[in-house]
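In the two assemblies presented below, chain A is common to both, partnered first by chain B and then by chain C.
After this line comes the complex of A and B, so read on.
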């Protein structure tokens, strides 16, 4: 019983991290139909930025903020400089973002080396806490990640469904051309969406590096997981990303707990299963 | 409407396609990563990236340059270890002043990522494109197995293993041109099983290891001795190499055990050890040979909080041990790499050092004759040769496999500082007769 509960909690907390990463990816896709394959590298960059800032200032929250801002800025620059001209050509966008991803990951390898890095969380978040159920002691930090993901999820939902800006985004998802025809400066909206989407990857990296170490290769791992999450949940849908993350997190954790050797196969099988039944993803819309 | 439908369909197919493209790119990445070989301004090493830009590290030697192709796992979970291995090679090159038997040494470094496919790809590139007759590498067990079988197809190439430790490599149909100057994974843990029962009193254990050739050997070697001495195996847990999440694995470790044997290395070990703190793993940990190496202990984070008391058996002595010429080696390492290196050399530094130096000593012994006779005199020389390495005497058995000492040690806290203390030395551990595959129960 303990074991099932603990593994269930692990699934939830890992799902939180996946959601943080994947929500940025799906937000950008929903608005701009751009699949940013450098998203994994942005995660890695966020983690390393948080690490360096933490080393320099000894402030963990400053590290998180710096990661958020820096990676958001990098995302905007990439979009404005590299992607603006080719926005409508899927394959070119894919190739350019893969290129950015490889270059960025190799630069990080040169600078930080291959040693595993982690961002040590502050004292009040480390150690375990009693959950009051079946005597389980669960790491406080993981609970924090879960809470943060729920907060970010709610904030995104409010932002998109309740604000004027969100309304523009929703309208943009449905019909980009009409939105710009009504006199709204879509360029600015695009830049803002790219900032938020990339910043989410940076935040996820900074937070994730407290639970899992950062090393060369982490970028590809998270890119792959966030792609699976958004494909399962439906490209472009934030609630879809949440459900996709939950499914992937729980399935991968129970697989790791009970049949670790085939865990990754089970996760991919989930994706194939969903694609076979609902090719557009669980909450994806048939455009 | 119609147009949008096709657009939508194309778009969801794209990330899948892109993911596949990306996966394919991964295996090719070696080339890019070469250029970014982390902090290595090794004067003696340049990679032969563009085919003709090979290293030019001629000393004053006059002869035809001797070209050595090297394969090192500079990407993936052992990236930090591989970097340290490169330092070991640098030490040898400096010792030899970049020349051997009157011929300047040229080195072409290729990076792999611990997968057998990449290792063989790199070897092919070195042999077919650069035309090398000598290969030094690889680092990891599965890579070693793949190269040993590749060696059968390329009889004119002599391969000297850098640090890989799968047992099959030199046991199942060993290639006549594959040489391994260090003992293998099963030998590293063989003395640990009885030690755990006799000295520590742990009688029931679970095992946790990565699911590939080297940890298979480590678990096999450990369980053979452990079970024979009367120990009981409660459960085995296998994870893929490169796994970063151990929370659920830790939850599924049974309660009724005395200790857990953990054969993880590199960034996997870092993740396991930090998560073991968070998830309150209370059982004592018995370490496989790479669990508490310098590359793990000196990673950035809080791994150090959880390693006190770990008993492990390794192929090299702890830095404080006064055995053979080890202290001289440690001191030279620290002098050569005061900043970028680890505080004390890792497993990989000493194994790369020993294997690369063995190769150069062999070439010297063969009078620098390598290409003309397809490596025959070099192989004869290495088979007969023996020398005193920093971790003890080295010579090869009939499988061209060295049998060296194994050092059992414990991580202890001393005045607030963590150090490793020697507990026992098992001298010249012999190569077992059977190669270990993945074990899920005591070997019969």
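After this line comes the complex of A and C, so read on.
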């Protein structure tokens, strides 16, 4: 019983991180039909930025903010400089982002080396926390990660369903050309969406680096799982990303807990199972 | 969304296959007459290991590696050309073949005569299973799905350590000695790799020209029409994917003996991307591109490794990849034509610039006032065939301008 609960909580923790990463990926895709395969590298970059800022200023929240802003800015620059000229060719765009991801991850390896780093959370978030169920003590920080993901999810949902800007985004997902025909500067909207989407990866990296460590290869892992999350949940849907993250997080953690050798086969089976029934993902719309 | 636009609609590919291949030849050899050139190429390939200096470097590190890497890329290009599906998962089948041979022979003492075909067969079967799901998707979805599959296999290999020995991988194998020729000898290995690469190329070339291959291209261009004509589109796509998996598996078995084993490092994301880079670098519109790209990438990476190019290997790979994607869409195979095209645009811009300097403020044609990328560029490059319109990005213009200042 204890074990099931602990694994379940671990599953929720990684699901939170997967959601943060995948929601950025799916937001950008929904708006611009761009699959940003550098998203995993953005996660890594966010973690390292938070790490450096924390080292320099000893302020954890400043590190989080810096990661958010820096990665968002890198995303916007990548979009404006490399992707804008070819943004009508979704395949070529995806490939260019792979190239960016290679370069970024390799340069991070040069700068930070192959040793694992982690962002130490502040005192009020460290230590254990009594859950009051079956006497389990669970790291307070991981509860915080879960809470943050829920908060970000609600904020994103409110932002998209209740604000004018969100309305433009939803309209843009449905018919981009029509939106620009109504006089809205789609360029600015695109840049903003790319900023938000990338910043989410950066935030996830900064937060995730407190729960797990940062090392070369982390980028691939998060890219892989966020891809599976959006494949399962449906491309372009933020509620889909939430459901997908929950499924993938729980399934992968339980599989790792009980059948570690073939854990990835179980995850693969989940993906196949969903795609066999709904090729467009659980909440996705047919392309 | 109909298929990836990376594999551009090229009118040449709708013409009879023979014309297609001949023009491919011509693009490489600049219009020279066929047979003599082919003979020279064969002679060069055969004489190669005996004439190069530093054979350990040129034959083993460059030539043999290019050959097996080229075969994996060949499977990717063949699939992309004939079905429009761009796969990032060819290393999956490569890895399954390599690991099966390794596990069967080193841990269960199965002779190579059995384990090699078994490995290739199992990898092909895995290809068929992946195809069941993968070919239902298209474009970037297909790319993402195949990428996810290859990475799941990577983590499977790491976790199933009792079988695959985890990070350590399988090593210290004894290479087989077919007909008394030891594969430890680099020249023997070179000719074996050459024969396998030639065989794989011939097979891909041939299959493209069978009714099966023609039907695939029909499906690529218009699945609805082919379905209406009574073709089982799903089945055809599945078979094509499985065939490509088979080609990748052959390369996997070959590379297993090249490395003298297999480790997870040989099948990670970087390797999957390497295969993609080889295809794009060589030119994804031509089967030859696989080997041209493999040679190009292998040389680049080895030169970077040896310190002849002052840049880290992976960074260099990424930079070259992005540059090729943005500015040299046809890859190495199409390089001469693209350079000519850039030369023309450059000259035109140069003349336009001079004209403006001398003759006042008449705007030169083919140049856009400020830095804004005109919509025409992106749309044009998508719709018009790369074979005729050439690189559509106005960079030639810009570099000339900055050079002028």
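For this structure, a couple of remarks:
Definition applied: the second predicted complex is superposed on the first by the 286 of 287 C-alpha atoms of A that agree within 3 Å, B and C clash if a C-alpha of one lies under 4 Å from a C-alpha of the other, contacts with A are read in each partner's own complex, and residues count from 1 in each chain.
Please note the rule applied: a residue touches a chain if its C-beta (ideal position, glycine included) is under 8 Å from a C-beta of that chain, and two chains touch if they have at least 3 such contacts.
Remember, predicted model here, so these are calculated numbers, not experimental data.
After superposition on chain A, the partners chain B and chain C are seen to clash.
After overlaying the two complexes on the shared chain, residue contacts for A:267 are found with chain C alone; chain B is out of touch.
In the superposed pair of complexes, A:6 makes contact with chain B only, with no contact to chain C. Of the two partner chains placed around the shared chain by superposition, neither chain B nor chain C is touched by A:56. Of the two partner chains, both chain B and chain C are touched by A:231. Of the two partner chains placed around the shared chain by superposition, chain B and chain C are both touched by A:220. Look at A:102: by the touch rule set out above, it reaches both chain B and chain C.
Applying the stated contact rule after C-alpha superposition, one finds that A:35 touches each of chain B and chain C. In the superposition on chain A, A:84 contacts chain C only, with no contact to chain B. Contact with neither chain B nor chain C is seen for A:122 once the two complexes are overlaid on the shared chain. Stretch 114-122 is the one among 60-68, 96-104 or 114-122 where chain B clashes with chain C after the superposition on chain A.
Residue overlap on chain A between its contacts with chain B in one complex and with chain C in the other: 33, 35, 37, 90-91, 94, 98, 101-102, 106-107, 110, 220, 223-224, 227, 230-231, 235, 260-261, 263-264, 279, 287. Residues 4-5, 7-12, 14-19, 21-22, 25-26, 29, 32-33, 35-36, 38-39, 74-80, 82-83, 113, 211, 237-240, 242-245, 247-249, 251-252, 266-267, 270-271, 274-275, 278-280, 295, 298-302 of chain B touch chain A in their complex. Note for the complex: chain A touches chain C at residues 33, 35, 37, 82, 84-92, 94-96, 98-103, 105-107, 110, 220, 223-224, 227-228, 230-231, 235, 260-265, 267-268, 271-272, 275-276, 279, 287.
Looking at the complex, you find that chain A touches chain B at residues 2-3, 6-7, 10-11, 13-14, 33, 35, 37, 51, 90-91, 94, 98, 101-102, 106-107, 109-110, 113-118, 120, 126-128, 137, 139, 141-142, 211-213, 215-218, 220-221, 223-224, 227, 230-231, 235, 253-254, 256-258, 260-261, 263-264, 279-281, 284, 286-287.
Every residue of chain C that touches chain A in the complex is listed here, in rising order: 1, 4-7, 86, 133, 136-141, 143-145, 147-149, 151-153, 155-156, 159-163, 268-270, 273, 276, 280, 312, 314-315, 317-319, 321-322, 325-326, 373, 377-379, 381-382, 393.
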